[in-house]
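Each chain gets a letter, A, B and C, in the order it is written, and its residues are counted from 1.
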Amino acid sequence: MSDKIAVKVDDLTVAYNYKPVLWDIDLEIPEGVLMAIVGPNGAGKSTLIKSILGILKPIAGSVEIFGKPYAKQRQIVAYVPQKGSVDWDFPTTALDVVIMGTYGSLGWIKRPRQKEKKAALEALEKVGMLPFKNRQISQLSGGQQQRIFLARALVQNASIYFMDEPFQGVDATTEIAIINILKELRKAGKTVIVVHHDLQTVPEYFDWVTFLNVKKIATGPVKDIFNDDNLTKTYGINYKVSIQE
Amino acid sequence: MDITEYIKLVFTDYTLRTITLGTAILGAVTGMLGSFAVLRKQSLLGDAISHAALPGIAIAFLITGAKDGNILLLGALVSGLIGTFWIRGIISKTHLKSDTALGLILSLFFGFGMLLITFIQKQPNANQAGLDKYLFGQAATLVERDVWMMALVTGICLFVLLLFWKEFKILLFDADYTKTLGFNTKFIDILITTFIVLAIVLGLQTVGVVLMSAMLLAPAAAARQWTNSLSVMVFLAAIFGAFSGVVGTAISASENNLSTGPVIVLVAGVFVIFSFIFSPSRGLLFKQIRFIRNRRDLQLQKTLSFMFHIAETHENIGHPHAIKILNNFQGFTKGSLQKLVQKNYVKIHGAMWSLTEEGFKTAANLYNQQTQKNE
Amino acid sequence: MSSAQIEIQLIASLVAIACAIPGTFLVLRKMAMISDAISHSILPGIVIGFFITQDLNSPLLIFLAALTGIITVVLVEYIQKTGLVKEDTAIGLVFPILFSIGVIMIAKNANDVHLDVDAVLLGELAFAPFDRMLVYGVDVGPKSLWIIGTILLITVALLIAFFKELKVSTFDAGLAASLGFSPAIIHYGLMAVSSVTTVGAFDAVGAILVVALMISPAATAYLLTNNLKRMLVYAVCFGVISAISGYWLAHFLDASIAGSITTMLGVFFLGVYLFAPNKGIIAVMYREKQQRIEVSLLTFLLHLKNHKEKSERHVNHLNEHINWQKVRSKTVLDLALKNNMIYIDKHIVSLTEKGEGFTSKAITYIITNKDAQIEDMKDDFFLFRG
């Protein structure tokens, strides 16, 4: 972890239709942390990363990636959407999906070539999915699909990774494989931001945490701020129930 | 008319050649773009657009008074696009759901189109004949100019498709992700939609408003069953579409009283049914066969592992046991025992059975796999 | 008005009512396109029925055609279940194929079948009064009137008898099943009624208008109310008014009655779509704009509450830091001043007591999502009315 700020969110407010989802969020994420965003359902966790990535338009506020607006920093940001957000029956192979990670650096019209394919194969290797490269994506298990998504982000070779619930509906082996890769990324000095559900694994997996429930409750090192006080503030009286889930 | 005579006619007879060529090109372009509609889960949009195009044709006629096909098509294009974007407006701005929006625009535009057409038909202007051919389509009215027009549009469409292939593909698969990569998703989206509308409008004269959606969906739905690659799917859909066009035209030309549109749709329908049933990887037939085979394998495995547990208790795995004790086991039948003997897993001596070396190993493997899975 | 004119309007109105009732449930159950599919795919049923009975108005024909409607629904659901294609592709495949079979059946037997595909699709209401119903030689009115009247009576009877079941299964299928109403029976019952209505109405107004009469009044009503009973009443009203005004439009333009009725349906829908008090486009856009201002205001107040340091509360900060392009920061500032939420002292903005209280309340609302605490705020703020 360095002293540089990787992601700076200022006064961010987002509303869906009539419902306010995020309110006046100020957030600074230092470079090189592995951070979990936690909060109850509907707390705006996904919304927060979608707004940072420009998928959603905020009503107010601004986002800076290493001091510049997102649009100028796309090349160094990678995104792993929720697994359920796409149709896995789409006619394409695992390798093809991973190659999509190179599209951003290719820009319009230019086609992926050997170089891109090689990068994709390396990423597949990293997530342990090389033997499945020619599989139709619907024939992969949930965990394997998640690893494909992770590989697609790895191919982008970014400095900051945003992941939306990468552990949801995956088997234990995949969970370990994914967290190992995330820790490797951190070791390489990358910043990783993960929307996370399972509170019990937070201290084990992450070194930084943000509590979110429409407002930002707290943000900082796990060892300092991951405590009952903040959990109760975030989850309210339902806190215990959420832990059991 | 027999088939050789027909083929000869295709090359000699101007009208037949034009129609065959026209329906083939049309089938190819709708099949190609239909793949995108199907994958975007906008299958019924085609139906709505084709109906929504009708008032455009009528208004273009009212304004220009001309029967020029291309001007009418322009009207259809504009009105189809208005319908499409209105559908989107209804879905995004009100709480009406997409099916309601589609049904609304489809029926309201169509009804308004009918009002205009019947109004035109009562006008003294005698020039109006031929507007109702857009309802059910009349391939017979295709002339060479129409075919050129179709070929031109198909060519442009193919060019754009190849140019933006990568962008189309990623947008279809994961729109949000595409946005984060910096692509202007709105532009790609409008491009695809415009071409789908264009293909539909082109087909109105040939297959008509009502059957247009099948031209768009059937080849794509059939093609999807044979491949897991987008490019192959689009290619196959184009082939299926063109083939449906040619065969449909041939059948309707060789019989009396058969309009081309419905026949083409039925031929495309046959493609769909055939693909649904006989596709090797997804088809219903092979799925059923695989299902039965799996169940049988499972039964064999269960019997084998039951035997394994009995044999395990003895030091000598080849120790014979009475067949009778197997009767307590549910999955056991004479047939399954026979199968195990055939596979050389089990030996039978009279009323006794014993595991072979091979059978023991296989069973032990099965057992290990299962315990691993449970962990 | 001649008696034929009255009869036509009567038939059209009855068709409109008979369509609006199942249509309301189709729209609520997100199955509007099924009605489009049914309206086309009944064609082969009609043709077969016609071969047998030689009478477009015979009950057997209606039964056969309605059966084809049910078969369509079953077929669509079967294809969906196989997972070979996505949901709506199944609908888009089944109905054109069945319709094509119908068209070809007519074409191949053109000499025996005096059926016109145009008429099936578009109907000819103008001729309806000429086909009279004779009971023992006494003229008791047009046949279509009797047919659609009977169907309407059955529909209304079923509606009254099963209203509770329909309501529960439409809004909460799980609850319905746990209460012991089989969602499947309600579902197929509704499909059966829709099919019968479509068949009964098609020779008067045509297949496409049936779709329009089913979907548009219900959709228009849905933009005005969320209450099921009211929605039914509104839908029926829209249907009848469109039917009658459409007839006169056709009369003056000398154009197709079906087309004119649909056009009137369209006009009413467009009007409501634009001007409906809560869900119309204009209201929605106005509310969105208001909401943007109010959300900005609240964000601004919240920001003041969160930041005690003066640099964060300087007037100029509004512009450069909060980055509002959509709403001019001046509007927000003025609004806050006007409501006595803030005071400005040497270019430093601070919350007044009222502003403090308001902001705290707003935060509670936003976080708990409970309406009780903000009852009194609702009048001032659009945001909380959603």
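Convention: a contact is a pair of C-beta atoms (placed from the backbone, for glycine too) under 8 Å apart; a residue touches a chain by one contact, two chains touch by 3 or more.
Nothing here was measured: the structure is a model prediction, and the numbers come from that model.
J.: Which word fits the touch map of the chains here: line, ring, star, complete or other?
T.: If you draw each chain as a dot and join those that touch, every dot ends up joined to every other.
J.: If you count the contact pairs for each chain pair, which pair has the most?
T.: Counting C-beta pairs in contact for each chain pair, the top pair is B-C.
J.: So the centre of each chain is just the mean of its C-alpha atoms; given that, what is the distance between chain A and chain C in Å?
T.: Here the centre of chain C sits 39 Å away from the centre of chain A.
J.: Taking each chain's centre as the mean of its CA atoms, how far is chain B from chain C in angstrom?
T.: The answer is 29 Å.
J.: Approximately how many whole Å separate the CA-defined centres of chain A and chain B?
T.: 35
J.: Tell me, which residues of chain B touch at least two other chains?
T.: Correct list: 41, 224.
J.: Touching two or more other chains, which residues of chain C qualify?
T.: Correct list: 86.
J.: Taking each residue of chain A in turn, which ones touch at least two of the other chains?
T.: Residues 87 of chain A each touch two or more of the other chains.
J.: In the complex of these two chains, what residues of chain A are touching chain C?
T.: Touching chain C from chain A are residues 10-11, 13, 15, 17-20, 23-24, 26, 59-62, 87, 89, 213-215, 236.
J.: Contact residues on chain C for chain A in the complex?
T.: My answer: residues 83, 86, 287, 291-292, 295-296, 298-299, 302-303, 306, 321-324, 326, 363, 366-368, 383, 385-386.
J.: Within their complex, state which residues of chain A touch chain B.
T.: Residues in contact with chain B: 50, 53-55, 71, 74, 77, 79, 81, 85-87, 90-93, 96-97, 100, 103-104, 106-112, 136, 152.
J.: Show me the residue ranges of chain B that touch chain C in the complex, using the header's touch definition.
T.: Going through chain B, the ones touching chain C are 38, 41, 43-44, 46-47, 51, 89-90, 93-97, 99-100, 102-104, 106-119, 122, 132, 135-136, 210-211, 213-214, 216-218, 221, 224-225, 257-259, 261-263, 265-266, 269, 272, 276, 282, 284.
J.: State the interface residues of chain C toward chain B in the complex, per the touch definition above.
T.: 27, 30-33, 35-36, 40, 79, 82, 84-89, 91-93, 96-97, 99-101, 103-104, 107-108, 110, 117-118, 121-122, 208-209, 211-212, 214-216, 218-219, 222-223, 249-250, 253-256, 258-263, 265-266, 269, 273, 279, 281, 284-285
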